[in-house]
């Protein structure tokens, strides 16, 4: 049984496949959590960099599209992203990706993200540039 | 049934979860292929950026650790990576990530990667910086 | 006396300070050249990474804003950029930054750039994401 | 006359050409300041992205090579860097690049940097991956 809380927003595709959860979401901020399992490992038996990149991309995107109105789903497209892999992550660890929207305007926004383990150790950082999809520019 | 060839190297973790295949591998070069399925999509119904990042990270890493000797498995750690998302990708498309090792030395190497669809359209690019794990510095 | 050809476009600010030249410019492509002098060096006596980043940013930008009509000056804003430093560069070398626009649409474009020395050795690579300024979206 | 304090470390090359100053330097942290002048502008009359990239590269590097012993000059080589351009910067503004070493070990380190204007507005962010030059791995 997972130690993670349920996701604020469920999504049937890649989020379900990886089992990452949106655990905090407010204006300009989002947190995702994941419990690192065998399915997330690379050929060397440690966390695949693609999992880290996925968390950063998703968290950075969520940070820019919060809406107070559940009927107004805001969407975004990633233009570019970067990841720095600072510490190795092993199976069984719980990671939290903490992303903030740090700038931008009506069409473009910038977010950045820290990924930390349960001990608060920084294991990765990343940044992303995003474009709002049409109709998603405003929170309400 | 998949239209993809089997993978040159099978790995039980994230590679199997996503079902990407190592289809070409030689000194300083690697290709991965994936058929985009429902499990790879994001909350907007198109390819999740994390899948693209995974292909780029894995292909760029493979490009630096080819070995002519099957008994000598070379390993690497990603230090940093970047992704540019140039075109949207929908379900059903087959993507190929083509990565080349473009520089570096005994401890560090650099690779870059183009991700193209079946029509040869460039859908993403990326670059990565890698460190060889101890014992993996040399091809043979 | 400089071994470099004059610049296709002269600009009084940073381009003049560094003395980099726009030497090739056509639709979706641009080349800049620079002769590495004492003023371009860092505290360790080799080329400052900021010079390399400047060439990449400028060349990638130029690649997206060529115009066949000299009266129609197109402008762009950099959203994000990345640089990989592959080889060390010493004083006296001539570098060429070769950038191509590799994708994008009416508002956003993507370019990438190779920086090579006189022997054709790849010394750096980079990529950038750009936004057209209003009125600069079209070549003509 | 410049409003900036003198630099903690003076360097005859690119630092002098651009006139950026090292204003704060301690273990794992560095600040650079610059007063944006005509020589720093791009062809559109605003701050050239290369200046921003230079500040980020230099500040991130300094953050990793502080030494308590003035006779022990530590040196580093940039492997890769990224920049996000969040806000436009005009002539006359004073920018401060605030960089922290956020991880790494004996050979490699990671830094990141915020660039802010006098009003504290975030105008750019960036990250870098660095390798210590031989003999520079330790602070003392």
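Annotations for the structure displayed:
Labels for the chains are A, B, C and D, by order of writing; each one numbers its residues from 1.
We adopt the following convention: contacts are C-beta pairs under 8 Å (C-beta built on N, C-alpha and C of every residue); 3 or more make two chains touch, one makes a residue touch a chain.
Given the structure is predicted, the values throughout are model-derived calculations rather than measurements.
Farthest from chain B, judged by the mean position of CA atoms in each chain, is D.
A count of contacting C-beta pairs for C-D and for A-C identifies C-D as the more extensively joined pair. In terms of their C-alpha centroids, the spacing between chain A and chain D amounts to 28 Å. Measuring from the averaged C-alpha position of chain C to that of chain D gives a distance of 21 Å.
Once the centre of each chain is set as its mean CA position, chain A and chain C turn out to be 33 Å apart. Counting partner chains per residue, chain B shows two or more touched chains at residues 79-80, 82, 84, 110, 127, 129. Across the complex, chain C meets chain A through its residues 79-80, 82, 107-108, 110, 127, 129, 131. Here chain B touches chain A in the complex through residues 9, 11-18, 38-45, 48-51, 53-55, 57-58, 61, 75, 77-85, 88, 133, going by the rule given at the top.
Those residues of chain B that touch chain C in the shared complex are 82, 84, 86-87, 102-104, 110, 112, 122, 125, 127, 129.
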